[in-house]
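Naming follows writing order (A, B and C), and every chain is counted from residue 1.
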Amino acid sequence: MATQHSRSAARFMMAPAVILLLGWMLIPLTMTLMFSFKKYLPLRGGDLGWVGFDNYVRFVSSSAFWPSVQTTLIIVGGVLLITIIFGVLLSILLDQPMWGQGIVRILVIAPFFVMPTVSALVWKNMFMDPVNGLFAHLWKAFGAQPIEWLSDLSLFSIILIVSWQWLPFATLILLTAIQSLDSEQLEAAEMDGAPPLSRFAFIILPHLSRAITIVVLIQTIFLLAIFAEIFVTTSGAFGTRTLTYLIYQRVLESQNVGLGSAGGVYAIILANIVAIFLMRIVGKNLDT
Amino acid sequence: MARSVTTRRKTVNTLAAWAIGLLIFFPILWTILTSFKTEAQAINDPPLFFFFDWTLENYAVVQERSNYMRYLWNSVIIAGGSTVLGLIIAVPAAWSMAFVPSKRTKDILMWMLSTKMLPAVGVLYPIYLVFIELGLLDTRVGLTIVLMLINLPIIVWMLYTYFKEIPGEILEAARMDGATLKEEILYILTPMAIPGIASTLLLNIILAWNEAFWTLNLTAAKAAPLTAFIASYSSPEGLFYAKLSAASTMAIAPILILGWFSQKQLVRGLTFGAVK
Amino acid sequence: MGQITLKQITKSFGDVQVIPPLDLQIEDGEFVVFVGPSGCGKSTLLRLIAGLEDTSSGEISIDGRDATEVPPAKRGLAMVFQSYALYPHMSVRKNIAFPLRMAGLDKAEQDKKVESAASVLNLTDYLERRPGQLSGGQRQRVAIGRAIVREPAAFLFDEPLSNLDAALRVNMRLEISELHQTLETTMIYVTHDQVEAMTMADKIVVLQAGIIEQVGSPLELYHTPRNRFVAGFIGSPKMNFMMGAFSSEYDATTIGVRPEHISVSPTDGKWKGKVGVSEHLGSDTFLYVDVEGIEDPVTVRSSGEVSFRHGDMIHLTPDPDKIHRFDNQGLRIA
């Protein structure tokens, strides 16, 4: 099958995809790298020459940097924690025999298909609005003072919204993983005298560990980049400015491209650290 | 062997699962319900669930005021176009990687995956500049190309994992049976590959439809798809709950339906085949 | 017709030569079995004949015509794959008809041939089913049916029974042998199971590391193995090998005695040993006897029921005419 002829044909068939992605990666990356070493203010003089590592130093030493890192970590960590814990519990529940399993599955998965701007707006206005939101009604019904969700509990609110979007993803993947668990293993453990909690801890959880790792890594990559949810709800105010959002503001809002690009390089490095771990797992899977 | 379970346990499971399912689904349900209310009913305290004057007025108003159809059309063109374009480029690539693997195939696949992980914000300005330079800013063509590129790795990967599952012996059998390359592709490979291509298509339409970084940053008015349209409700129109709900319902309905068809493929596509 | 000749065939994957120069002659109507341990190159050899792999050098001719460069479809051979390789999206009927369709036969002709193949293989009731709805044995039959309808010059089987359970395997073995008697077409059959080789073959080709160790009829291989490898590979239970003082007595580096050529006695004999495990099959008894100076236990096959207990001391005597002698190269000493 693998004759010389088919090899060159294969190379030819692969070329468009490889060339396009290579261009898509290299051109912007080179430009970002270049800008990051320049003082570049498109609206205030344009290209003002090379400045070495100035932008890198300034980006890190600006008063907004560390809070944004902290915000990013809190949001990513919070969402991961919520989606994994509830994802595991929910996937175990959904794996149990019940009536209408298919419909429940659909209900649980649905939020994942809602576009980020819609979910952000719906939560912001219809649930978290301190006057007319559903939560406000609920609080008032119990005689409590409605909460200003997006200003007083801004981070928690965003974590809640994003978790709602990503819980289905975690649940779906963990459910798929649970269903691949050989039921004989559980029966063997039962015969060996393991009570339900031990079976969960010693059989189910280890079986899920790979799927959990994958969920953590993939979500981390997507969560580091969340944008629309913040753009629509708080626009980065009330301590919700993540690293991504900070870079976005530097580049597009204050048009300080050099500074923003330096931030971009930091973000790329950060994402790559996570990516390396994910690719290891995916790569191992390729060999089988 | 699956064991039989007592009816009582099954009932408990069912109740718990349905309660949680409905809770998770509630924001969507609430949005759909609200879209049929009047503005006054939408903010009524206590909230109205089913007993209100059902009306379609909001849908009409949304379309009339904001030319909703244009945004919808942009979404359809951009999501559909980028997916089809991506498939045209990815099918031959995934094909050759699956059936004529070389020592570098794995490296190429991993590298493609790594481009997917490039944070968009890191390359926002360069793309922005290139778009201005090429006159692509706020055009459907430009956005179609960008979305095609960001989803291309996923498309290649999904197709690759599907093609990989077609056993080589079957192709050899066809060759022994006297099928020419053309017949092999037409009668054996295509019928076996179509389910995989279809699920890839489905998942990528969903991803492109919901993409909300490039669609927000590279469009203004002309080429804006639904993501950008909804974002424009941020304020002050967002306070018109019924209309916001109508617009949202229309924006998510097609994808909810597509999404329910593609649950299984979703897992494979989003985990790059690492979980099936 | 189905005469196949391999002349100085080699095959290399990259720098690795899996088949060094090899010659083989297969006569028309013969049932030839390629047998050897896994990785011995038997499947590669079959695929070279099929045309699914290109030869690195050498010549393959089928019925006297050079077929080395001929694509698989044009060689007039049919193959049954280990995984059966049925087309999952086609019914059984369409699967069997596929080669006919590719050959451009008209519909009526196709149907006729499919029906007759199906009746030979007991598949008539399953023609409209999909492969996924069939059992392993039925799938196997469909794969054979797809091969039969082409009326090929030769059938190639690549470990066709390895995915079946033991009982079914014996059945299918008989069916394939029966088919060979009926069709009188050349069949080349690859297996790692020497029992299949012994029971089915007219001619066995024993391979190891791409090299043909011996070619011969099952009984030739059994009675006069050319070397130690063939001696150990053919026959079940395996031949016992002895070295040192045991073999120097016979002027050989190694001697081999088959389990069925050793007699046991509680009182006297050539070698003395202690009974380990005994396996009672009813028709036969296999004794595993520890003999001082021989590393592995000596296997003895006695017909009927023999009752020794674990730990009993017994005496073994080989049949002097059935002792195989090998030199220091492992080659048979005539």
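Going forward, a residue touches a chain if its C-beta (ideal position, glycine included) is under 8 Å from a C-beta of that chain, and two chains touch if they have at least 3 such contacts.
Model, not experiment: these values are computed from the prediction.
Here the chain at the heart of the shown protein, by mean C-alpha position, is B.
Chain pair with the most C-beta contact pairs: A-B. Taking each chain's centre as the mean of its C-alpha atoms, the one that lies farthest from the centre of chain B is C. For this pair, chain A with chain C, the centres built from the Cα atoms lie 56 Å apart.
Between the Cα centres of chain B and chain C there is a gap of 53 Å. Centre-to-centre separation between chain A and chain B, using Cα means, comes to 16 Å.
Across the assembly, chain C contributes residues 52 that each touch 2 or more other chains.
Residue positions of chain A touching 2 or more other chains, listed in rising order: 1.
Shown for chain B are the residues in touch with two or more other chains, namely 172. Of all residues in chain C, only 50, 52, 71-74, 77-79, 81-83, 85-89, 98-99, 102-103, 146, 150 touch chain B in the complex they form. Against chain B, in their complex, chain A makes its touches with residues 1-2, 6-7, 9-11, 13-14, 16-18, 20-21, 24-25, 27-29, 31-32, 35, 90, 93-94, 96-101, 103-119, 121-127, 129, 132, 134, 137, 140-141, 164, 167-169, 172-173, 176-177, 180, 183, 211, 214, 218, 221, 224-225, 227-228, 231-232, 244, 247-248, 251-252, 257, 260-261, 264-265, 267-268, 270-272, 274-275, 278-279, 281-283, 285-287.
On the chain B side of its complex with chain C, the touching residues are 167, 169-170, 172-180, 183, 187-188, 191-192. Per the touch definition, chain B reaches chain A in the complex via residues 1-2, 5, 9-10, 13-14, 16-18, 20-22, 24-25, 27-28, 30-31, 34, 43, 45-47, 89-90, 92-93, 95-97, 99-100, 102, 106, 108-110, 112-115, 117-130, 149, 152-153, 156, 168, 171-172, 206, 209-210, 212-213, 216-217, 226-228, 230-231, 233-234, 238-239, 241, 244-245, 248, 251-252, 255-256, 258-260, 263, 266-267, 270-276.
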